[in-house]
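Below you'll find the structures, each written out as structure tokens.
The two complexes that follow have chain A in common; it is paired with chain B in the first and with chain C in the second.
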Partner chain A sequence: MVRYIIKRFLISILTVWVVITATFFLMNLMPGKPYTGEKAIPKAIQENLNAKYGLDQPLITRYFIYLKNVSRGDLGMSMTYKNREVSEIIRDNFPVSADLGIRSLIFGVIAGLFLGVISALKHNRGWDSFSMLVAIIGVSLPSFIIGTMLQFGLGLKFSAFIKDLFNTDFQLFPIALWESPWHKILPSFALGLASLALVARLMRTSMLDVLNQDYIRTAKSKGLSYRTVVMRHTIRNAILPVVTILGPLSAAVLTGTFVVENIFAIPGLGKHFVQSVGMYDYTMIMGLTLFYASFLIAVNFLVDILYGIIDPRIRLAKGKI
Partner chain B sequence: MLLEVKDLHVSFHTYAGEVKAVRGLSYTLNKGEVLAVVGESGCGKSVSVQTVLRLIPIPPGEIKKGEILLNGRDVLKLSEKEMQKVRGNEVSMIFQDPMTSLNPTMTIGRQIAEVLTRHQGMRRVAAMEKAIEILTLVEVPNARERAHQYPHEFSGGMRQRVMIAMALACSPDLLIADEPSTALDVTIQAQMLDLLKGLQKKLQTSIILITHDLGVVANIAQQVMIMYAGLAVETGDLREVFYDARHPYTWGLMKSMSRLDLNRKRRLTPIEGVPPDLLNPPEGCPFADRCDYAMRVCREEMPELKIVSGNHGCACWLLHEEAPKVSRPELNGG
Partner chain C sequence: MEAIAKERFEPIPKNIQAGQIIGRKPLSYWQDAWRRLRMNRVAMASMWVLLFIFLVAIIGPVLFPQYRENHLNETLMAPNAKYWFGTDDLGRDNFARVLRGSRISLFIGLTVAFISLIIGVLYGGISGYIGGWLDSLMMRIIDILITIPDMIILILLLVVLKPGVGTLILALSLTSWTSMARLVRGQVLQLKEQEFILAARVLGAGTWRIILRHLIPNALSVIIVRFTMSIPGIIFSEAFLSYIGLGIRIPEASWGNLASQGAQQFPSNLWLFFIPAAFICVTMLAFNLFGDGLRDALDPKMRK
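Now for the complex of A and B:
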């Protein structure tokens, strides 16, 4: 196991290096350069800026300088925000994105598992149709539509109704911003609905498959209670495909935060990720790509280990890789 | 009398219509006896025995009629809760395919111990000890280590031993073995049957053994029931059915059996044709279309099960006093 982890770690480093290299050169292939926006900047200033950020060096030299800096943990200064380091921006904004992402992921996975299990156990009955309706809505409606509808329906109309009814100023579902826990409800829901839908459908299919397996019939023939058959024998086996997609799912949720952050005016990292490309903020593009890539690699690694714990068939034998 | 099945009818409702899988089956089983149920695939063997444990899915399945008396109690009238106390405790079952019949994410020991904690209220540690003991009984080597392994670390034959261990954990009165050796290779099949036979002698458990291998029957059973299209066509003691078979279907099964002790040049004779579609079972004898001796009455009316002698019963019009006398064909000198 230790050898496996070390090996995975080395492979991860290699992956990160490939990501850095590809992003670096692709980014430089983009037409345009930093500080060549709408405003014409005097030539002298342009040269000074280039010198400050090392842009006057040849591409290859810059590449190696960047690698050296990254290996020391230095992501460089942002090219658009004055005197702000990229790592500082990440430190300030990522917790908000992560908070939103984790909330919606937890909501999506737990509610999705619940709906999936229920609809498989009540196959072709009311609950099943209801769960699958929710799942289809979640799959087909993008988060910005869900978000806007929630803002209008719950944030505006419903809150106004409550206000009239109880004569209070309390906002149960604030429309935007990121302040109290109440502010987190609508965005987490908007972002989590897609994962909920995916997990629910996957869990339902997987449950139906497992319920038809011979070993479930064996479990029944042993006289176990319905509860035990479902909890101990069915869910544990059916959950495996869901665990597999947890990695890609968290990737999708994490990069998807941008849209939801925008709608709900949440000060997260997503905004910087998208804006940096338009602003030719080279260091920011590099820094955020690198950050997201490492994060995803780490999540996938965790998922692999988790998978091994749940499914003994792929658990690694001692000392073997 | 341990088990008495009376006029059992089981159907499955499918899109195409009602499939009448079992159409009026009656049989009995005494304590300590082995009953072999023989017949082609799809003739209702599995369904009829799974109904004893009420394991068929309802819907689409439906138990239309009949009684299943287990120690005098009709299991068809028990609630699901009471039924759970019967399963694995009074009656347990071994399935055909040991490769898929064990839960892949649970250790063997726990899967056996689970039955003991459920039915005998044992603590987990004690149940595990008992599980190891039972694994030793079914001749799994290194039982203590093996108990902590997962099914994928076991071979097919070993897994079937585990299934047997699981089934026998609570010393049930009745063990139902649904083609326990079909999915295994031939040498392992023989071992498995020897094991079952040995355990049966030791534990005095009654067994219903489903098979389509008459060789297996001769080896282990005392009672035989030949099934065809959801009906029992011939029943009786092993000797009666083997040496004095009366039904043309039984003759056909015997002629299609390979034997080592006979002339090797003789070809096996298969029974031509296929069993009837149970969506629309024929009105008369279901075997009439494939029978060499079929008469007009065979296609019009189903013959009753007639007692030939002692326990020996046979449902065939040839046994009617007005039927032409047909002598049993030469069955390899058997």
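Now for the complex of A and C:
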């Protein structure tokens, strides 16, 4: 187990370094400078700006300076927001994205597990078809489409209908911003639907697989109640593969925040990221890419450890693996 | 013991082969798979839908080529007899744009899936077949690549490179070959230990013969299913990237940038968003359902 953790940790660190290096050199290939606008800037001012942002140094020196700064958590200043540090922007806006992400992940995983379990237990019956229909639709509807559809259907039409019906000003499903819990329903649902679909499909396959195992027949023939067989023997074993996709799921949810935050005008980090890409804000793109990548690498590392803890084949393996 | 009289024996008719004839025509693996696929109604319906969309993408832009023409006095018209899908904010015919978009989106989806297939089969095949330190090295490289989220690699690449169809194909291929490579490696590792490979080697078959005649045909069904299932993901990525402004640029059309353009008009002029969105959803749904059916048809374990 210890070797397993150390090995995973080393791979994670190596990956973070690859990302830092790749980001740095790719950004230096990028066409245009952040301050090349419509107007030509006098040469003296250009040189001053270069000196201010350290762009007059040779590439390799800048690379090492960047590595040193990053290791201290200093991601530099944003080039478009005056006098704001990238790390400050992350600190201010990431909590909103995290809030949205965690809500949709919890919704997706729990509802997905529920649908998956139900459809496996009621295999080839109405519930099964229903759950798999929901799952296949969830896989096939991109978050930006479902987001806009919900905004229109529930946010505009249905909420207006409710307002008329009860003669109030209360907006049931607000279509923008991130304030009351009511604001959070539609974005979380739009973002969580894909996770729901993936988890439901995986859980169903995994449950069906486990239900055909000999030890389930043994458990039944020992006279255990249906409840015990399902809860303690089937679900506990079937849930293992679901844990492994928590990493990819977090990645999908995180990239989903880029569009969902834009659709619902949520002041999160994803919105800033998309904007900084459009404005050639080097330091922001580098800083945010690095931040997102490290965050997901850390999530993957934790998921691997979690998997090691719940899977006895890894937990109990001595030395090997 | 009682002696058996000779008369009790009856001579067998000369024609022994008559009893040995196999009544039904023998089915090859692929014929059998096709038969099973045909029985799956959902998969067949999806197949027809996909064929229809392919047909639209191939001949549509030939019949309606005016996807770039502006008609500045006919902007933002609702669907009508002249413009079946309405017009956009510069008066371009949305019907022609959706047709053009189908061609571009499907072209990107299929090309990227095909490139990933080739890289994946070669990389995974070499890694799995040769094994040893080379395998470890190649797999560590993949481990590192898949730890970095695809969308972040894509966004970085597209920020740096000039936007366009070629760039998008390059960037998407770079991120999507890894899963195929891992799948093929797994298959090769599993197959190469089996007895029929040993038998082939004992009979004197060379490495290439084993790879081409024994390993690839046996892994083919899994590869085909993964190939089919990877296309909706690529179409999704293209739409996503075009939606956030990094993919196909106007006046070129793709489903993603049409949907993005339509969403900017939201909540008025809804058809500009919902028509391309419907094309994206129906295509992804059909690919997913067809892929599921294909997997059931090709996987011998499902055979009852």
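The definition used in the following text is that the second predicted complex is superposed on the first by the 299 of 321 C-alpha atoms of A that agree within 3 Å, B and C clash if a C-alpha of one lies under 4 Å from a C-alpha of the other, contacts with A are read in each partner's own complex, and residues count from 1 in each chain.
Throughout what follows, contacts are C-beta pairs under 8 Å (C-beta built on N, C-alpha and C of every residue); 3 or more make two chains touch, one makes a residue touch a chain.
No experiment lies behind these values; they were computed from the predicted model shown.
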Chain A as common anchor, with chain B and chain C clashing or fitting: fit
Partner chain(s) touched by A:Pro312 [first = chain B, second = chain C, both, neither]: first
Which superposed partner A:Ile137 touches (first chain B, second chain C, both, neither): second
Touched partner set for A:Lys222, first chain B, second chain C, both or neither: first
Touching partner for A:Thr23 - first (chain B), second (chain C), both, neither: second
Touched partner set for A:Asp214, first chain B, second chain C, both or neither: first
Which superposed partner A:Arg236 touches (first chain B, second chain C, both, neither): first
Chain B versus chain C as contact partner of A:Arg72, first or second or both or neither: neither
Touched partner set for A:Lys43, first chain B, second chain C, both or neither: neither
Between chain B and chain C, more extensive residue contact with chain A: C
Superposed arrangement (fit on chain A Cα atoms) - minimum chain B/chain C Cα distance in Å: 8
Chain A residues within the chain C interface of the complex: 11-12, 14-15, 18-19, 22-23, 26-27, 29-31, 136-137, 139-142, 144-145, 148-149, 151-152, 156, 251, 254-255, 258-259, 262-263, 274, 277-278, 285, 289, 292-293, 296-297, 300
Complex contact set, residues of chain C against chain A: 140, 143-144, 147-152, 155-157, 159-160, 162, 232, 236, 239-240, 243-246, 259, 263, 266-267, 270, 273, 277, 280-281, 284-285, 288-289, 292
Of all residues in chain A, those that touch chain B in their complex: 213-215, 217-226, 228, 232-233, 236-237, 310-313
Contact set on chain B toward chain A in their complex: 53, 55, 80, 84-89, 92-93, 95, 97, 100-106, 114-115, 118-119, 150, 152, 163, 166
